[in-house]
Amino acid sequence: MSKIEVRRKPFIIGVMGGHEAAAGMLEESRRVGEGIAKRGHVILTGGGDGVMKAASEGASRAGGLVLAVLPSDRAHPLEGYPNDFVDIAIYTGMADARNVINAKTPHVMIAINGGWGTMSEIAHALRNDTPVIALKTPAIDLPYGKCFTAVNTVEAALAEMDRLLRVTGDR
Amino acid sequence: MSKIEVRRKPFIIGVMGGHEAAAGMLEESRRVGEGIAKRGHVILTGGGDGVMKAASEGASRAGGLVLAVLPSDRAHPLEGYPNDFVDIAIYTGMADARNVINAKTPHVMIAINGGWGTMSEIAHALRNDTPVIALKTPAIDLPYGKCFTAVNTVEAALAEMDRLLRVTGDR
Amino acid sequence: MSKIEVRRKPFIIGVMGGHEAAAGMLEESRRVGEGIAKRGHVILTGGGDGVMKAASEGASRAGGLVLAVLPSDRAHPLEGYPNDFVDIAIYTGMADARNVINAKTPHVMIAINGGWGTMSEIAHALRNDTPVIALKTPAIDLPYGKCFTAVNTVEAALAEMDRLLRVTGDR
Amino acid sequence: MSKIEVRRKPFIIGVMGGHEAAAGMLEESRRVGEGIAKRGHVILTGGGDGVMKAASEGASRAGGLVLAVLPSDRAHPLEGYPNDFVDIAIYTGMADARNVINAKTPHVMIAINGGWGTMSEIAHALRNDTPVIALKTPAIDLPYGKCFTAVNTVEAALAEMDRLLRVTGDR
């Protein structure tokens, strides 16, 4: 079985998005995952289908380690969780409460498109000072603060991630 | 100590909103709480200041039972939690993850104004088919579905609550 | 529908125990629930069958308010939850993580018999300084500390509860 | 910064134990962590001091990847969490409820010594069919079932882990 090279104390990049997503969004998700892995970062998703699976596939094929925080547990599996590209599954059995963990854990969150689940993760992230890069997510009529950047392309999302991680420094 | 009369299997009405709120919002929150209690329903909030406290005060003074699901626990208290009007405090120690419980438990949620915490509760509610009545909350550019009604007055909020509970029936 | 009288800021008494229990244990559970309600306290259980249901039935028939913190939620119901005697169900959707809430919320916990779920609740309670009264629970070879009392009869359990609440005072 | 080699879909081995532990227990914990890493498995702990830190140090020095599921979050740090040897920290902010995740996530749990926190993790593991290898943990007077093996040496713990993973097969 192939090996993955991981840095000590790597940056964790969350990629959040719906389990249903338009085809164009899936291709963009794959490219986001690929960009994360090529930089040596670890990707974290909710472990399901759609954006989560596509981003995980992109990261995995580019040689990255793929983490997922699942709503389900082994004793009560949920169809589609974890998707085929997850290397390390964190089983919570906590349903939607795992969204909070998804929002608190990453050094940077990239939200792609998304529905109410993704909205909850953006809201929890902004409450917890996790920087959010929003790629074509729905707008919310609230002051986003300095932790939020809306972008329209994968390239802009990755460039903003690079910038944020330079500011954060190594940890 | 005074007694509260509670129906067997009462309706639980969640009132969600920020711990900071404008004065006008506090007065509206009190009137929402009062309307809930006068109908014999039990109010549930996050147990803190602002909208949560004002709504709890309104319900308590009108003779209602006041529940709260707290982010903190007794061993690690959090200033302002629970507020003075809480009768029954559910201690979770789970910080933001308690927002999920706030969203899943009520038969109807009334969201008042609010910031990112309230946004997360609305998002979790809509993911879980809890009907949401939004009184002057920020707009989110996503299809809200049939579980969401935006209103502009306390009277409209309470009237919509009455309508929803008639549809739900007794439980 | 009949009304329940509840004190403002009542004492919450947790009753923990397995969803399967021997018949003798069920009768003792009912009497524990009855004793709690007759003293004007509110009972809190995990909302399921066995000890939880029997204690809730005892409390309910004696005119008490019955709370339950459920592992499930309305969108994903779990058979047997909540049992017929629950007045106010707190829906978490968090599976076993709700045991932590059961351990943190009550002023006093009475554990009856029980298996691994109950063991987890006793452990969480002792970590959080919730006093535990253990009625015929399995022994654990660890120093229990001052928060734990083992008893052999319902009468002794209720007497120890009375003593602990006098020490705690009104809150 | 040095790199770690990780297998695709590695086995996750949980090591649970107190943040306070006798010196002998720390040396045994280090050797358990070392044995896990030398076999190419990923270690998961609660991220704190004592057994958790020693096992993480052993795994890290042997070239292994070190995961931790923390009770705290970045916005509300908790002293000693994460310890110096954690590579990937999962932030929950859920206090004791993270013990449930510790119990559900590993393919095999090795519990070392331990107090009430560790007892709760053993109880949650046995409720969820996570195999538990107990190295000098306190006894609990309940039927442990086929998922539990008590051992007295690090070598026996690692041998039982090897056996369990052969049975589980690759995943």
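For clarity, chains are labelled A, B, C and D in written order, and residue numbers in each chain start from 1.
We adopt the following convention: a residue touches a chain if its C-beta (ideal position, glycine included) is under 8 Å from a C-beta of that chain, and two chains touch if they have at least 3 such contacts.
Note that this is a predicted model, so its numbers are computed, not measured.
Colleague: When I count C-beta pairs in contact, which pair ends up with more: B-D or A-D?
Modeller: Per the contact counts, A-D leads.
Colleague: Could you find the chain whose CA centre sits the greatest distance from that of subunit D?
Modeller: Of all the other chains, the one whose centre lies farthest from subunit D is B.
Colleague: Using only the C-alpha atoms, find the rotation that maps subunit C onto subunit D and quote its angle between 0 and 180 degrees, to the nearest 5.
Modeller: Superposing the C-alpha atoms of subunit C on subunit D needs a rotation of 180 degrees.
Colleague: Do subunit B and subunit C face each other with the same patch, meaning over half of the contact numbers show up on both, or with different patches?
Modeller: Same; most numbers are used by both subunit B and subunit C.
Colleague: As a quick test, compute the distance in whole Å between the mean CA positions of subunit C and subunit D.
Modeller: 31
Colleague: Using the average of all C-alpha atoms in each chain as its centre, how far is it in Å between subunit A and subunit D?
Modeller: That gives a centre separation of 26 Å.
Colleague: Just how far, in Å, is the C-alpha centre of subunit D from the one of subunit B?
Modeller: 40
Colleague: Which subunit D residues sit where two or more other chains touch them?
Modeller: Only 73, 92-97, 100, 104, 128 qualify.
Colleague: Across the complex, what residues on subunit A touch subunit C?
Modeller: By the definition above, subunit A touches subunit C via 73, 76, 92-97.
Colleague: Report the residues of subunit A in contact with subunit B in the complex, numbered from low to high.
Modeller: Contacts found on subunit A: 94-97, 99-100, 103-104, 115-117, 119-120, 123-124, 126-128, 138-142.
Colleague: Could you list, by residue number, the parts of subunit B that touch subunit C in their complex?
Modeller: That would be residues 1-10, 12, 42, 60, 65, 67, 69, 73-75, 86-94, 97, 100-101, 104-105, 128-130, 170 of subunit B.
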